[in-house]
Amino acid sequence: GNSGKGSSSEPTYKIGAIGPVTGSAGAYGEAVKKGAQLAADEINANGGINGAKIEFKFEDDENDAEKAVNAYNTLKDWGMQMLMGTVTSAPCIAVESEAANDNMFLLTPSGTAVDCISGSNAFRVCFSDPAQGTKSAEYISENNIATKVACIYDSSDPYSSGIYQNFAAAAPDKGMEVVAAEAFTADSKTDFKVQLQKVKDSGAELVFLPIYYTEAALLLQQAKDINFSPIFFGCDGLDGLLDVENFDASLAEGVMLLTPFAADAEDEKTQQFVKAYSEKYNEAAPIQFAADAYDAIYTIKAAAEEAGTKADMSNSDLCDALVAAMPKITVEGVTGTITWAEDGEPDKEPKAVKIESGAYVAL
Amino acid sequence: MAMLEVNNLSISFGGLHAVDGFSMKIEKGELYGLIGPNGAGKTTVFNLLTGVYKPDEGIVLLDGKDITGHSTMDINKEGIARTFQNIRLFKAMSVLDNVKAGLHNHHAYNTLTGILRLPKYFQTEKEMNQKAHEILKVFDLDQEAEVLASNLPYGKQRKLEIARALATDPKLLLLDEPAAGMNPNETQELMDTICFVQKHFHMTILLIEHDMKLVGGICEELTVLNFGQVLTQGKTADVLNDPVVIKAYLGE
Amino acid sequence: MSFISHLINGISLGSVYAIIALGYTMVYGIAKMLNFAHGDVIMIGAYVVFTSMTGMGLNPILSILLSMVVCTVLGVVIERIAYKPLRNAASPLAVLITAIGISYLLQNVALLLFGAGAKTFTNVVTFPSISLAGGKLTITGVTIVTILACIVIMVGLSLFVGKTKPGRAMQAVSEDRGAAQLMGVNVNGTIALTFAIGSALAAIAGVLLCSAYPSLTPYTGAMPGIKAFVAAVFGGIGSIPGAMIGGILLGIIELLSKAYISSQVADAIVFAVLIVVLLIKPTGLFGKNIQEKV
Amino acid sequence: MTVMKNTIKNMKKSTKSNLITYGMVIVAYIIVQIFSTTGNLSSMMQGLLVPLCIYVIAAVSLNLVVGFSGELSLGHAGFMCIGAYVSAFFSSCVGDALPGPLRFLFAILIGAAVAGIFGILIGIPVLRLRGDYLAIVTLAFGEIIKNLMNVLYIGIDGSGLHIQASDGGALVLDAGGKVIVNGALGITGTPKDSTFTIGVIIILITLFIVQNLVNSRSGRAIMAIRDNRIAAESIGINITKYKLMAFSISAALAGVAGVLYSHNLATLTVKKFDYNTSIMILVFVVLGGIGNIRGSIIAAVILTALPELLRGLSDYRMLIYAIVLVAMMLFNWAPAAISWRERMKEKIAERRKHQTKEAA
Amino acid sequence: MAMLTVKDLEVYYGVIQALKGISFEVNQGEVIALIGANGAGKTTTLHTLTGLLSSTKGSIIFEDRDITKVPAHKIVEMGIAHVPEGRRIFAELSVYENLMMGAYTRKDKAEIAGTLENVYKRFPRLEERKGQRAGTLSGGEQQMLAMGRALMSHPKLIVMDEPSMGLSPIFVNEIFNIIEEVSAGGTTVLLVEQNAKKALSIADRAYVLETGKIVLEGKADTLMHDDAIKKAYLGE
């Protein structure tokens, strides 16, 4: 593999990142790109990692596994030493397999599928599909929110159907009955009236929505149109709902979501991040993806400092060092206080938030 | 037994009886003409004989065999080949390939042989080339064998269509206005060619034509069609002098 | 009761397909080309309305008019630059592929201008919903307006194509451009007019699409574009009433199969029904079953 | 030397053209190998090699339908999907029970066969339709396949295969069982058996099949039907048989492209095989020249590599790609551009003639 | 000044030169015949005249206006009608609609109705079939329609490409009568015909085209008795 030979002057850490910035998942990659860039800039302004600056490069993968591998190879040619990515699950699995071969350290901010971090070189910042599905089921049952639940999910999307599967599997054990499970696909993700009607007719008290906020914005509107107002409960994909330009926040009133990040959380760290992000990109607020990516870059920093790496190490040496350091570090991130198991899964406290009067309220 | 025997053939489109109780008999080796005013139903008769249309009524016997209502493909395999009033060539293919397509059923090898280029492929293709060139020579087209069909001038396109039909080795050849768009000299040349085909290939030929010089010059017998019905049938000379035919069709 | 409610929902989804299909079929029928960029013109139209309303504070009617102007100009320019040079190309597929290129182009321009994030479109249709059966059934204002718009456009287009001189010119152009020229028809002008009308309709479709489903991204037009293409073929290529009926039926089939068979495989069912219909009626519901004269 | 020159001269134009095509592929292979062994091939190019093979095969096979059979198919990716899934499923089940090369050989054959069978099944009803109606139905079939695969769950355990539609949760497996096809998550962990060398060999086989078919009796029949269906019938050609033949051979070859795809990446999801991919392959075929096999190859290579080469433009990448695509289409297809090119060619030829004359 | 003057016209199909510099004139009220063998360039000449093809060299002057670069539809508006080779009728439209397309450039409804009546009188078959889809007409019927459609524009100059092709003998006579009538009605006629004998019999003057060049021209009755012409085109 390529080592970080660096430029003629001082060596730098070359961190590559991959995600979709074009195509229908473009918004998520865009957020990751911005969040990570922000973190990298901050770190560089504060002296870098172990004294060396970060060079950050983001490549588009159009949410396609093959393109993601191409992007990965392009980054390798550039001299990438560590990979932050990829953003979405299926491409992440493909890239992980390449990265494992090259012994390239991989930290995905938002790849939730189990296989995204199958190699020993790979870690993630977000919760996995099983974690999100199971934790949601746990949370709902432990807080006695509902017993009759329904799901609406995107059967063509690995993220959505992955969480749904795990939720549906866990629900009965937690004393919940899944009274309806309705799907939509990427090809028909504008009209949810039938699904909502069926869910309404099933008598569900709570509708579990392991989907992205883009679809949720439409779905909530249509639920209102048919006067259906159960408890809507989502996962991290739902975060960003309130930031959809021109979105009528009253539609989201009462929506609950299990997410480690909430843009209007009170803590200083989050506030600082949100402020810096909004200023830099002239946007209302960062979404979950941006926060995950922001944390990912700081995680790399933390691990590198823990391991005492040098910027001119080869990617393989860096990988070994970082992998060894990961279980030892604790990152106080904007998505919570995170520690890692050896298998690469993060451990952090999910926050349940509820949208009230257009704002997140921690529960 | 007659080569072709048609009995009481009828078809109508909407309310229009395009062909109405049409009957005729053609003997083997005969050169037979089908004439009649525009819209009389001549082309429709061809379409019925070749299975393009299914008749509402009537029987077509080829060499004694009932082929009524068979598919166009089967009828060709039974032995009827035709040309079209509005030329229908395989335009993006060479002149040679047009004729070789006509040889499709008589010089066969299977697809796998073709893909794997087994000896039979080379042998059959060689036969096909020889045969095709032989036919093209009859029509004086062998110099243009590699030309794209669409680049031929009109008159040669007509000839190529006849060559292609002939390549299917038919018992009966149907020609729909073969001389349309040709000047008198070209027509004369075509007449010679048609006669040559009749003699050399022992072909039975039924042709539609409005050029009376051609019809009078080479047809042995005629049927005159008018409003879908037979007006007269008989020896060419008799028919062409029939006052009814003169009035309905020939004029003067 | 739920059946009727599904039916109504199906009609409202279908009416959106229908209104897109009308513009599609217009260009399709006359210029004899599959304008794969039609859906993206719709998307551009919707962005124009969005920006002029939320960004510039224009009133809805003005915004829609502005959007129609922008789309018309866009449609005509695209035709002139990208399609016209290929009008006499050796294969009709050439212009189809160019249209795909234009589709990519429009999506990426929108991506650069407006970003990948979704925007919530402000419903510009202030028409009230209608409640039936004591509030159990509601027909939204957007649906009513969309269906009315469909009918008006369908009748308008049919009359235009069937009864006016430019309409007759369009019919002639669609059959044989050379012969149409010999009749004194300005072929370039006629095709440009076709694209102008088709694109203006795209602007209207964009507004209604986004009012019914108020989420706007650079890819908003792509899938409805394909569905409208399916609807147009379903109804019979080039048939104006066919496009409308095809669109509405497509919506109904989609929702009923979600409701009564399975929401997971609804797409497959819709397409399966389409295939069955085409096998029974190979030229679509309203397509003329034309036998070639031999 | 002169003997060779003569044999080449006497060769049929089509044969010569075919040989050039094979030669082009082989030369490209050799050049790549030289670069590769001398370590001059970037990772990006290295990674692109197998995808290039995949799209070349897909484009050449689609050309059989679009260019030679004259039917517009918008569902080619559906056949790739079938080949990819069936073979990945096979390889995952077999695992290490078979040696790698043998397993891959079987995977290819199975992928081709199943895709070919689907080609026949779909072709029988579909080929009755014409033109755009046929296009829409092929598109529909592609989408149906995609939709069904999305809700397909297959697991394997001690007691055999478990198949479940629409809900993976309902898949109850014994301990040690594994889910192989997991709905929208697809198949992961397929062995990476695809290599550039195998890809090139398959390209050559594809070329062999397609070019030999086209230049044979069956190929003539297929093209005759394309040019004039009624005339083809009138000379006794079996329309259904030959249309179906072109369609199913094309499907089988697309299936092989799918096999290469699924054995190249660690993950296989059905999303890849939607109409966008079908259209992309059609773009290769049309840009390269309908019915022009060498053109298909070149166009597939250029258009697959182009977005990667444009990565330097970051945000403007896909925009530039779209513009280049439109520009290339206009340059290749616009009658005005074609006659301009012809005139330029003539001018150059004339100048060359002059120069040789002067030199003499 | 002639009504139509064609000078040094050269036309290419790609690299193939179809017209190699032809010149001719048509005067007001004349019937001019253009004869020549298959592939001589007759159709090409007519197509270039009415703007369907463009020339690389030469000029076409119609009524003192240079129309060499004028688009086809404008040329039609100026009063030239074209009965094209291969009929080119609108197959999907009815017979009546086809005829009305012929009158596309005209505005006066009453005048159009008058012309329509006239056309129907000349071609009664068209009136019988006015509702039939033109594509299902027989070959000869389509030829009549193509002719009728051109007449609907009430042109100053009508150019005809083999109008007698596919017509029955009785109707060939009829069509030549019609051409004479049209001419008598004040319309100038430029006629391309394979039936050279008939064409020369009604023409005032004629041009003979051979492989893209005009090789002979003169009064029609002179040419009719020219031995070379007799041999090459009249089949005598």
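Order as written gives the chain letters A, B, C, D and E; numbering starts at 1 within each chain.
Here is the rule we go by: a contact is a pair of C-beta atoms (placed from the backbone, for glycine too) under 8 Å apart; a residue touches a chain by one contact, two chains touch by 3 or more.
Source: prediction; values computed, not measured.
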| item | value |
| --- | --- |
| Those chains which touch chain D and also touch chain B | C, E |
| Set of chains adjacent to chain C and to chain D | A, B, E |
| Whole-Å separation of chain centres (CA-atom averages), chain C against chain E | 42 |
| Centroid spacing, where centroids are CA-atom means, of chain A and chain E in whole angstrom | 74 |
| Whole-Å gap separating chain B and chain C, where each centre is the average of the chain's CA atoms | 48 |
| Distance from the mean Cα position of chain E to that of chain D, given in whole angstrom | 50 |
| Chain A residues counted as touching two or more neighbouring chains | 21-22, 155, 183, 185-187 |
| Junction residues of chain B - those touching two or more other chains | 43, 52, 84 |
| Residues of chain E engaged with two or more neighbouring chains | 136-137 |
| Pairwise chain contacts, counting only pairs that touch as defined | A-C, A-D, B-C, B-D, B-E, C-D, C-E, D-E |
| Touching residues on chain D, where the partner in the complex is chain B | 13, 208-209, 212-213, 216-221, 223-224, 226-228, 230-239, 245, 291 |
| Interfacial residue positions of chain D with respect to chain A in the complex | 42-44, 46-48, 51, 143, 146-147, 150-151, 166-169, 183-186, 188-189, 192, 261, 264-272, 274, 307-308, 311, 315, 317-318 |
| Sites on chain A touched by chain D in the complex | 2, 21-22, 59-60, 63-67, 69-74, 76-77, 89-91, 93-94, 96-98, 113, 115, 118, 154-158, 160-162, 165, 168-169, 181, 183, 185-187 |
| In the complex with chain B, residue positions of chain E that touch it | 35, 37-39, 86, 125, 136-141, 143-144, 162, 165-174, 194-197, 232-236 |
| Sites on chain B touched by chain D in the complex | 50, 52, 71-73, 76-77, 81-82, 84, 88-93, 97, 100-102, 104-105, 107-109, 111, 113-117, 121, 124-125, 128, 146, 164-165, 167-168 |
